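There are two complexes below, and they share chain A, which is joined by chain B in the first and by chain C in the second.
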Partner chain A sequence: MTATALVQTAALGKRAVVRTGRQPANVIFPLIFPMLLFAVNAGGLKAETRLPGFPTDSFVAFALAVPFVQGALLATINANVEFARDIQTGFLNRLALTPVRGIVLLFGQLGGLVTIAVVQAVFYLAVGLAFGVRLQSGIGGAAMLLLLETCIALAFASLGSWAALRTGSTEAVQGLFPVFFVFLFLSSMNIPRNLIEADWFRWVATVNPVSYLIEAVRALVITGWDWQTIGLGFAVAAALSAVGFALATHALWNRLERT
Partner chain B sequence: MTDAISVARGVSWRVLHTFFTNKAFLLPSVAFPLFFFTAFVGGLSRITQVPGFDFPTGYTSFQFVFVLLQSAAFAGVFTGFGIARDFESGFMRRLMLAAPNRRGILLGYVVSALVRWATVAVVVTIVALLAQMKVGGGGVDLFGLYTLALLLNLAGTLWATGVAMRLRTQQAAPVMQMPVFLLLFFAPVYVPLNLLQGWIHGVASVNPITALLEAGRGFISGSPELTVAAFAIAAGLIVGFAAWAVRGLRRAEAAG
Partner chain C sequence: MEPPRENSIEAHGLVREFKRGPRAVDGIDLRVDPGEIYGFLGPNGAGKSTTVHMLTTLLPPTAGTATVAGYDVVKEGPSVRKAIGAALQEAALDPFLTGREHLRLQTTMHGITGEERRERIDELLTRVGLTEAADRKVKGYSGGMKRRLDLALALVHRPRILFLDEPTTGLDVQSRTALWVEVGRLAKEEGVTVFLTTQYLEEADVLADRVGIIDHGRIVAEGTTEQLKAEIACSTVEAVPANPDQRGALVSVLERFGEQTTGYGPGSIAVQLTSSDGNLAEIVRALDAEGVVLSQLQIHEPTLDDVFLAKTGRHLEGAGDEEEQDSEQKLEPARA
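Coming up: the complex of A and B.
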């Protein structure tokens, strides 16, 4: 990537961040809603720690992984709704008339989304620490957690960008929220997979990629440097990012051709 | 009164026609309760092995009551979204000009919310029975359970209507939704109240929805408890939110 392309990417990424920052609902909701669900689950499911084989005595620590994944999801939906609005209002078409390369548009958008998600992750981490959670992987684990969050956000962001570019509709991107939400709830978010009693649900959670993202974050919090689980989380995030990026790039070419 | 009923009939027909003919409205209303039911029952059934969890008819019926009450409250909230949408599109202004009795507008939305919820309740109940939910209560108990849910639906609708009439924008959706979400989830959702510990136990103990949830679970297990308290709370919510909704209507009228 040339220096010019880098400048253009930074400018578009900054625009994505600033635009989100100017809409309080897009900032506050992704911060507060995962924390509310975290509070509800941490309080309501604390009794789970009394199950034989439960991996920790602290359900707060166990549940802390969920806001990281859910926050990335919310951030990417909100920001991609704005991206779709750019398409609806014709901003993308006008941008396509400038010397900015198509791929830079995508990099800029994704860069902005990832920045927002990482800022949120720092907030969730601070809340967790304030509530007495201590990362078993230490300070290095916190850095790894933020790196993992970057990859998770990139995965969701690329899939969301694909939806925005493919449909050019804010409603369609908003419609992704329930889909992602289903993936979140049908995962191991509330209980370790080996403790899920219903066979069919354990199978669903096992084939659900979101389980591996949550478990990788959770490993850094409650287990420590469990490289297999962490590596699996990174691999799933990378695979989703690759698929999403390929789809988004293809949709972008199609859209620019039509311009 | 005849005027109000004819207005209510027109409003409710329009809302229900939109609801049943537009998949974007129908599917989420039905899918979300089913999805919560599936996720909670499938994922968390092991929790019945926690010492002290002694609900007699099993985790499926334990969660069914929560999902039924949740679907009732949210059918009301979704109706509020529709009212806000009608304000934004300008339809409500025309409706207010045309309606000879504007309380009929409120009545129409309330009736449509009841029908919406009844549809969802039928689907959720069928799915729960297919999932081999055990029912310990008799006919009277089940009548009590569904009546309780119906009253909560009424309260939820009146709450959301009051908000929609005051703010008159779809951006008010979180204001309608979030308090209902919090009240529902700060109750004993996953385990009985006696198994909650710490701050959530304190919050759930004073949360009015807890009584409704426990009464509903009492009905389905055939051991009714907190029945009078639950119906009194539901009645109180309805009276309070009815006043809230009517005053909201007056504000909307005053705003033109």
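Coming up: the complex of A and C.
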């Protein structure tokens, strides 16, 4: 990528961040909602820690992984709704009329979205630490957690961008919200997979990629440097990003019919 | 280094078909000379915006060829985009960014940075009269301010050719006039070639050096406004009978002087005179002789609307709306 393309990507990413920052609903909701769910789960399900084989005696620490994935989802939906609005209003056409390369438009959008998700992740981490959670992986683990969050956000962001570019409809992107949430709730978000009694649920949680994202974050919080789980989380995030990016790039070429 | 190419626009047999849709543009041939303001006039849905989208490389043509600034719109899209500026039909702005932030983003996309960028932004803000509002969010701008910002955005990289797609639609008279002045200045002082689509006759009349009239995707007339009006040559007489029972008598008298045409007002009878000599006195005498009493009598000099009427059989104003209504009515039986 050339220096000009990098500057253009940064400018587009900055625009995505500024636009989100100027809409209080898009800032407050992704910060508060995951924390509310976190508080409810941590309070209501803490008896789970008495189950034989439960990996920690702190359900707060166990549950802290969920806001990271949920926050990335919320950031994705909000930012990609705005992306779809750019298509509807013709803003994307305005950008397409400049010499900027198509891929830069996508990188800029994804870059802005990932930045927002990482800022949110810092907030979730701060709240977790304030509630007495101590990362078993230490300070280095916190850095790794933010890196993992970047990859998770990139995975969801690229899939969301694909939906925005494919449909050009804010409603269609908003429609992804419940779909993503089904994946979240059918994962190991509330209980380790090996402790799920219902066979069908354990099977669904096992084939659900979201489980591996949550488990990688959770490993950094409650286990430490469990490279296998962390590596699997990165691999799943990378695979989802690759699929999402390929789909989004294809949709971008179709959307921008420019010659 | 490649020598600079001519700032002209040329299209030959340009066609655009949409899936399951009509042929939006149906074989357009046109040439716009360097420094010229070309007015592309037509009703809603005539194919104006589709033509602009093809000439600005946003949409590939289904058939035909076009060059803009000497570059082929299909094969040399990036070169075309460097040479042109465009303000499309909707002023596509981000309501959460300020005017200055829009200009910063646009200059960055064009690879303009540093001191040059700051100077260019200040210059454009001054030129479009947005210096004071530059640091306000666009959601607080009026329609006129948005259009002026849109124009400034199209000019950040000093384009040689400017495409303006219905730039004054929805603007008040003051904002419209200010935009006309700026577009005129760009062409005269900076030699910018301007391709301007409009559905306003007055806009084409005031601004354009030459006008192309488009209907159903085809150019039905082209020339200077004077040439086009001269083609029509004769004035139109329009009258409204005081007593509706005398409508038949009025028609029979007026038809002695020309061919009946579509009137402007409700209940009026209009005739395009066959002779270019002013024979209003003769018409009045004939009507008097037949005892026809009028409530209104007007003589219209040829306008671009008359040209449109002569070429298409419809008035320009509302032609697009009529078509939309027609197509809805045609769909009714299918729905039933």
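A few comments on the model shown:
Here is the rule we use: the second predicted complex is superposed on the first by the 257 of 259 C-alpha atoms of A that agree within 3 Å, B and C clash if a C-alpha of one lies under 4 Å from a C-alpha of the other, contacts with A are read in each partner's own complex, and residues count from 1 in each chain.
The rule is short, and it goes like this: contacts are C-beta pairs under 8 Å (C-beta built on N, C-alpha and C of every residue); 3 or more make two chains touch, one makes a residue touch a chain.
All figures in this text were calculated on a predicted structure; none of them were measured in a lab.
Once the complexes are laid over each other on chain A, chain B and chain C both fit without any clash.
In the superposition on chain A, A:P178 makes contact with chain B only, while chain C stays out of contact range. In the superposed three-chain arrangement, the CA centre of chain A forms the vertex of an angle with the CA centres of chain B and chain C, and that angle is 90 degrees when rounded to a multiple of 10. Looking at the shared chain after the overlay, A:Q23 reaches chain C, while chain B stays out of its contact range. With both structures placed on the common chain, the touch criterion links A:L186 to chain B but leaves chain C unconnected.
When both complexes are overlaid on chain A, the residue A:E197 reaches chain B alone and has no touch with chain C.
Of the two partner chains placed by the overlay, only chain C lies in contact with A:E257; chain B stays clear of it.
When both complexes are overlaid on chain A, the residue A:G43 reaches chain B alone and has no touch with chain C. Remark: least CA distance from chain B to chain C after fitting both complexes onto chain A is 17 Å. In the superposition on the C-alpha atoms of chain A, no part of chain A is touched by chain B in one complex and by chain C in the other. Of all residues in chain A, those touching chain B in their complex are 25, 29, 36-37, 39-40, 43-48, 50-51, 178, 182, 185-186, 190-191, 195-198, 200-201, 204-205. For chain B in complex with chain A, the residues that touch the partner chain are 28, 31-32, 35-36, 38-39, 41-47, 49-53, 171, 174, 181-182, 185-186, 188-191, 195-201, 203.
Put simply, chain C touches chain A in their complex at residues 56-60, 73-75, 77-78, 80-82, 84, 86, 88-90, 92-94, 96-97, 101, 104-106, 108-111, 113, 137, 153. Of all residues in chain A, those touching chain C in their complex are 4, 7-8, 11-12, 15, 18-19, 22-23, 86, 89-91, 93-100, 257-259.
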